[in-house]
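Shared between the two complexes below is subunit A, which pairs with subunit B and subunit C, respectively.
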Partner chain A sequence: MQQTILEIKNLSKSYGETIALANFSLSLKKGEVLGLLGPNGAGKTTLISILSGTLRDFTGSASFKGQDLFSDRRLKNLIGIVPQEMAFYEDLGALENLMFWGGLYDIPKKELKRRALELLAVVELSARAKEPIKKFSGGMKRRLNIAIGLVHQPELLLLDEPTVGIDVQAKVNILDIIRNIGQQGTSVVFTTHQLSEVEQICSRIAIMDKGVVLAEGTLAELIRIVGEKEIVEVSGEFSADAFSAIIRQSDGNGMEILSVTDNQAHLAFADSERIPAMMQHLFKHHLPISDLKIKSPNLEAVFLKMTGRSLRD
Partner chain B sequence: MSRTTLIIGNDIKRRLRAPMATILFLIIPLAMTALIGMIFDPGSGGETKLPAIKLLLVDKDKGLAAKFLVGAFDQKEIKDMFQVTLIDEAAGEKLMKKGKASAMLIIPENFSDDLAEQKISTLEVVKNPSEEFLPGVAEEFANTMAVGFSAIVQVFADELKIIKSASKLNLEAISIAELTPFLEMARIKIIALNSYLSPLLLQLKTSTTTKPGKTAKPKGFNIFAYIMPGMLIMFLLFIIEAFMRDIQNERADGKIRRMMFSPLTTRELIAARIFSGWLMGVLICLTAMAVGTLIFSIDWGNSLLVLILVVVSCFWCAAFFAMLNAFFKNKNQAGAFAAPIILVFAAFGGSMLPLEQIPQGMRWLAKFTVNNWFITGSQEIMAGGIPHGSLIVLSVSGLFFAMVAMIALQRRLST
Partner chain C sequence: MKKIWHIGYLDLKLMVKDKAFFFWVLVFPLVFILIFGNLFRGSKTDTKASLIVLNQDKGKWGAYFSEKLKSPGIELAVTKSEPKDYFRMLVIPADFSLKIEKRAAQTLLLKKDEDANMQAGAVAETRIAQAIVKLISELIIYGNHRDIKAFFDSRSPYRDLVRVRTRLPRDTIAKIPSGFDHVIPGILIQFVMMMVLLYGGISVMEDRKRRVLARILYSSASFAELFAGKFLGRVLMGLLQSAILITGGKLFFHLNLGNIFISFLNILVFTLAMACLSIFIGSVLKKEELIVGVSVLLANMFSALGGCWWPAEIVPPAFRTLGMISPAYWAMDVFHKIIFFGKGFAAIWPNLLLLLAFTAVFMALALRFFKINE
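Moving on to the complex of A and B:
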C-alpha cells in the first residue's frame, strides 16, 4: 500500500465575507499526480498558498508524512511550489536563477549546481543557461518556473496553473515534464481549469468549487457519476429563462438539464435517439440556435453535473 | 553561504549587471555640484545675494584708527552684507563657541598708535567651523580692509603723526599757515597714490574656534566642498529609496511569496534587504566622494570619520525606507510618497538651500532630517572636528527605524 504523503483536514479560510475554502479535506499518496480542477475563484490558489505557508489566519490542519506541515520550517525543504506568476529575476540567467532560488533551501552548493544543470537539461534550457531570462519566450519561462520549483528535489510538488498563457506546443512540453516528475516518484498536486490537461496527466482528479471538494477519484470513477450519457451543448442568442420555458413544454423523458445560462445550455441524454426530437422541439419554438455539439461522456460533463456550470464561466 | 548573504549577493549582482540607474545616481550629484559651484563661485561673476554675515567686532583699542575701521561697517553696501555686533572679547568667544556668529574680528590694543608709528599691527579673524562659506567672506573682507588700511597708513604717515600730536593740542592754536605745507604734501600724495606699497603694515591672523586642547588647520574656501555633501545625501536618499522599493516590487510580482516558500524567515529577508540597501549606499557614496576629491579637490577630512559618517547615514536611509515600505500598501503608494518626502528633507535639511538661508522659524525642522546631520557632520569633519552629534542622532534613530521596520514588515509580509 502506498504511503500517504499529504493529509489535509478541514481547511477553512475566508476573506471578509467571501469563503475561499470551507472544510476542505484531501489526501495524496506518494508518486500520485492529483489534478485539482475548478473554475476561477474555486479556492485552488488559496489552498496552494496555505500549504506553502504564505497565507495565515485559517483553520484546519495539514500533515506531511505524518508531521504538522505548519510547525516545522524544515519541512519546506521537502516541498516544491510552482506559483502561477513567473516569479524570478529576468535580468539574470536561467542557471543563476536556479542557483539563487535553490540556494534558499538547505542544499550543499556543489549538489545544487549539479541539480541545476540536470534540471536545465530536463526542461530543455541547457543551451540558453546563461542568457538573461528576459530574452526567453513564454513557454521557456514557464519551463524554468517549474525547474525552480524542483531544484531542491522535493518529495511533493504543488503546481498552481503552470500552463496559463502559453501556446499548445509549450503546453504539451510542460505536461510531459510533469508526467515524468510523477513517474519518478514525486507526488504532484496540479491545479488547473483545463479539463484536457487533467485528463492527460493526472492519476487522480478532485473537482472543487466554492472552496469544497465536490467529487474525487480516477477519471473512470468520475465519469461513472454522469453515467454513459450523451451531452448536448446548445449555443445561441437566447436567454436562460426562455430556454428553460421551452424545455419545460417538451416531453423530457430520459433527458437531464446539466446547466442553463444565457446563450448556452448543456443537456444529458440517456438515449441518443431522443436528441433529434428535442432539437425539433427547440426549432419549432423558434429558439435562435447557432451551434449544437454532441459530446461523449467526459470530465466536462462530470464538472457540469457537479458544479452546474462550465469551467469557462 | 547563509540565506541572508545569498540575497545580499544577488541584489548587488543585479545592480552591477544593470548599472545605468546607479551610474546616473552617481553622476547627477556630481553634475549638480559642478553646476551650482560654477554659478555661485565668486570668481565666475555670477550675482548672488548672500545672507547677512553675523560678525562680532571686538575693539580693544578704542583709538582713532579703530573707530575709523568700525565706522567702515556703517557704510550702506557693507551694512547690507554684515550684521555687526560690537562686543567684548570674552562674550564674543562664548558666542563663537555656541556657533551664534559666522566670524569675530578683533582689533588689537594700541592699534591706532602702532599705525601712526608705522609699526606692524595684527587684526585677528576667528571663524565659525560649522559654517564654511560665510566666515570665508568675512575673512576676505577683513583682508581687503587690512590691505587698504596699510596703504593709507604708509602714504599718510607724516600727516597721521601731525593728526596724532594735534589731537593732544588746542586746535584753535594752530594757524592755517602752519597747516598749509602739510595739506599741500597730502594733496601731492593723493595724486601719486597709484604706486605699489610694501610691506603691509597691517597683517591678518586667522583662526577657527575649536574645543579646548585642539587645533584646527585653516583651509582655503572650496565652494564645491560646501555644496557636495548636500547634493550627495539627497541623491543617496533617492538611491536607497529605489533599492528599498524592491520590497514592494517583489511583493507585487510574487518573488517575495516565492522566497517564503523556502525555509527563509521574514526576519532574514528584511535584514538582507536593509543590509543590501545600506551596502549599495555606502559604495556609491564613497565612490562619489572619491570622484569629488579628484574633480573638485575636496578635502573631506579624516577618512575614518568620513567612513563612519557615511556608514551611519546610509544605515539611517536604508532603515528609514524599509520602515516606510512596511506602511505603504503597494509600489504605487511607495512611488507617490517617497519622492515628496525626499524633497522635503532636501529643502529643510540644507541640500537645496544653506541652512542659514532657511527662515529662522523653520530651522528646527532640519533636526528631523538626515540631510542636516550629514551636512553638518561632513562640515565638522572637514573643519577637523568629530561629528559626535550627527553620529549619535543618526545611529540611534537609524536603529529605531530598523526595529520598527523589522516588526511592521514581518507583519506585512506574513499576510
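Moving on to the complex of A and C:
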C-alpha cells in the first residue's frame, strides 16, 4: 500500500455569495499523477491557492505527509506549485528566473545552478537560457513556468492548468514532461478541463464541479460509472428547453439523459437498438438537428453524466 | 534575512536592467542640474562676497587700508593690475596716500559686475564702509601727532582703535544657498523621489498583477519577509540614484556636501520614507499610467514646495510654511544647514526625526494596503 502524501478534508471557501469550494475532500498517494478535471469556475484555482497558502478565510484541513499543511511553513519547501498564470519576470532570462525562484529556498548557489541548468534541459530551453523571456513563445513560457515549480525538487507538484492557451504540439510536450516527473517519483496533481490530457497521463482522475469532487478513480473505474452504454451526441440549432420538451414526449425506456444545453445534448442508451426509434421521434418533432454522433463510453460521457455540462472553455 | 536581501536585490537589478534606466537616473537629472546650475550661475564663487582690491597707491596707506578690509565673510584679493573678471572691485588710486597726507578729499571707485550677487555685494560694501570709518578715526588721532613712523609701528597705540560689529536680527538669512552645492542635492532629492516612486510603484503593481508576489509566498518566505524585501529593494533604488548623482557631482561640479556622514543619514531616512510611499502607491493604483502620473506629480510638487529647485530661503514665508508638508523640505533643510550654514548634528536631528515620522506614516499606509492578490 502506497503512503498517502496529501489528504484534503472538507475544504470550503466562498467569495461573498459565490461558493468556490464546498466540503472538498481528496487524497493523493505517493507517486500518483492525479488529474483534477473541472469546467470553468469549478474551483480548481481556489483549491490550489488554498493549498499554496496564499488564500485565507477557508474552513477544512489539509495534511501533507501526516502534518498539518497550514501550520508549518517549512513544509512548503517540499511542495512545488505551478500557477495558472505565467508568474515570473519577463525581463529576465530563463536561467536568471530559475536562480531567483530557487534562491528563495535554502539551496547552495552552486547546487542551485546545477539544478537550474538540468531543468532547462528537461524543459528544452537550454539553448535560450539567457534570452529575456519576453521573447519566448506561449509554449516556452508554460515550460519555464513548470520548471520554476520544480527547481527546489519538491515531493509534491501542484499544477494549475499547465496546458492552457498553447498549441497541440506544445501541449504534448508539456504532458510528456509531467508524465516524466511522475515517473521519477514526484506526486503530481494537475487541474485541467481537457479530457484527453487526463486520459493520457493520469494514474487517477477526479472530476469536480461547483466546489466538490463528483467522482474519482482510475479511467476504467470512472467509465464503469456510465456502464456499457452507447452515447449519442445531438447537435443543432435548438434550445435546451425545446429539446427537453420533445424528449419528455417519448417513452424514454432504457435511455439516460447525460446532458442538455442549448445546441447540444448527450443521451446514453443501454441497448443500441433503441437509438433509431429515438432519432425518429426527434425528427418527427422537427428538432433542427445538424449533427449526430454515436460514441462508445468514454471519460467525456462520465463527465457529462456527473456535471450535466460539457467541458468547453 | 537572506530571503529579504534576495527579494530586494532583484528589484534593484530589474531597475538597472531597464532600457530607460540610464536616462532616468543620469541623463535627466544632469539636464536639471545644468539648467538650475546655470540659473544660479556665478553665484558659486560669489556667495562668500568676493572683493578684488586694485591697489595703485604709491604710498603706505593703500596697503594699510586693504588690511582693514579683511574679514571672515569676505574673500579678499589685493592686486596691482586690473583683472579681466571680477564680481566687484575696489580701486585705490595712485595718489591715495598723498591725498591722505595732504588732508585732501578723495574718491574710491567700486566697480561691479552685472551678474554679481546683491546680497554678497551688500556684505562687501558694509565692510568697505567699516574700513573707511576705522581709517578716518585713526587718522584723526594720527593727525594730532603726525608721527608716521610711530603709526606704522605695529605697537602703535593708535592702531585699530575703532571696532565695528555687525549684528543681524536672529534668524536673518545672511546667505542664500546657491550654485551646484545647492542644485545637486536638490536634484538628488527630486530624483530619489521620482525613481523610487516610479520604478518602485510600478513594480509592486506589476508583480501583484503577474502573480509574482503570490508565487514568492509559495516558497517558505513569509509575508513579512516579502514586504521587507520589497521595502529594501526600493531603499536600494534610492541609494543607487543618490550614489550616482553624488559621484557625478564630485567628479564634474566639485560638489561639497559639508558633512558626508550627515548627508548619508539624510539621504537614507528620506529614501526610507519614499520606499514606503512607493509601496503604498503601487498597492492602491492598478494602472501603470496612473502610477507614472501620480509619481511624477508628487515628486515634482514635493520638489517645488520643498525647495529642491530654488532655495526655500528665498520664497515668501507663507510658501515656505506650506513647503513644510513636503518631506523634501526637511531633507533640503538638512543639506542647506550642513553645506551653507556650517551646522552639525545638533541642528539637524529634528529634521531626521521628522523624516522618520513621514516614514512611519507611509509605512503604516503601505502595510495596510499592500496585498498579493488583485
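One rule holds for everything that comes next: the second predicted complex is superposed on the first by the 312 of 313 C-alpha atoms of A that agree within 3 Å, B and C clash if a C-alpha of one lies under 4 Å from a C-alpha of the other, contacts with A are read in each partner's own complex, and residues count from 1 in each chain.
Rule of thumb we're sticking to: contacts are C-beta pairs under 8 Å (C-beta built on N, C-alpha and C of every residue); 3 or more make two chains touch, one makes a residue touch a chain.
Keep in mind it's a predicted model, so treat the numbers as computed, not measured.
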{"item": "Simultaneous placement of subunit C and subunit B on subunit A, clash or fit", "value": "clash"}
{"item": "Subunit B versus subunit C as contact partner of A:Lys293, first or second or both or neither", "value": "neither"}
{"item": "Touched partner set for A:Tyr89, first subunit B, second subunit C, both or neither", "value": "both"}
{"item": "Contacts of A:Arg224 with subunit B and subunit C, given as first, second, both or neither", "value": "neither"}
{"item": "Touched partner set for A:Arg56, first subunit B, second subunit C, both or neither", "value": "first"}
{"item": "First (subunit B), second (subunit C), both or neither touched by A:Lys109", "value": "first"}
{"item": "Partner chain in contact with A:Lys284 - subunit B first, subunit C second, else both or neither", "value": "neither"}
{"item": "Touched partner set for A:Lys134, first subunit B, second subunit C, both or neither", "value": "neither"}
{"item": "Identified clashing stretch of subunit C versus subunit B [76-84, 94-102 or 256-264]", "value": "256-264"}
{"item": "Common ground on subunit A, meaning residues reached by subunit C in one complex and by subunit B in the other", "value": "49, 52-55, 73-74, 76-77, 79, 81, 83, 85-89, 91-92, 100-101, 103-105, 148, 152"}
{"item": "Contact footprint of subunit B on subunit A as seen in their complex", "value": "49, 52-57, 73-74, 76-77, 79-81, 83-89, 91-92, 96, 100-101, 103-106, 109, 148, 152"}
{"item": "Residues on subunit C engaged by subunit A in the complex (per definition of touch)", "value": "3, 6-7, 10, 14, 17-18, 210-212, 214-222, 372-373"}
{"item": "List of subunit B residues in touch with subunit A within their complex", "value": "1, 3, 6, 10, 13-14, 17-18, 253-255, 257-265, 414-415"}
{"item": "Parts of subunit A lying in touch with subunit C, wherever the complex brings them together", "value": "49, 52-55, 73-74, 76-77, 79, 81, 83, 85-92, 100-101, 103-105, 148, 152"}
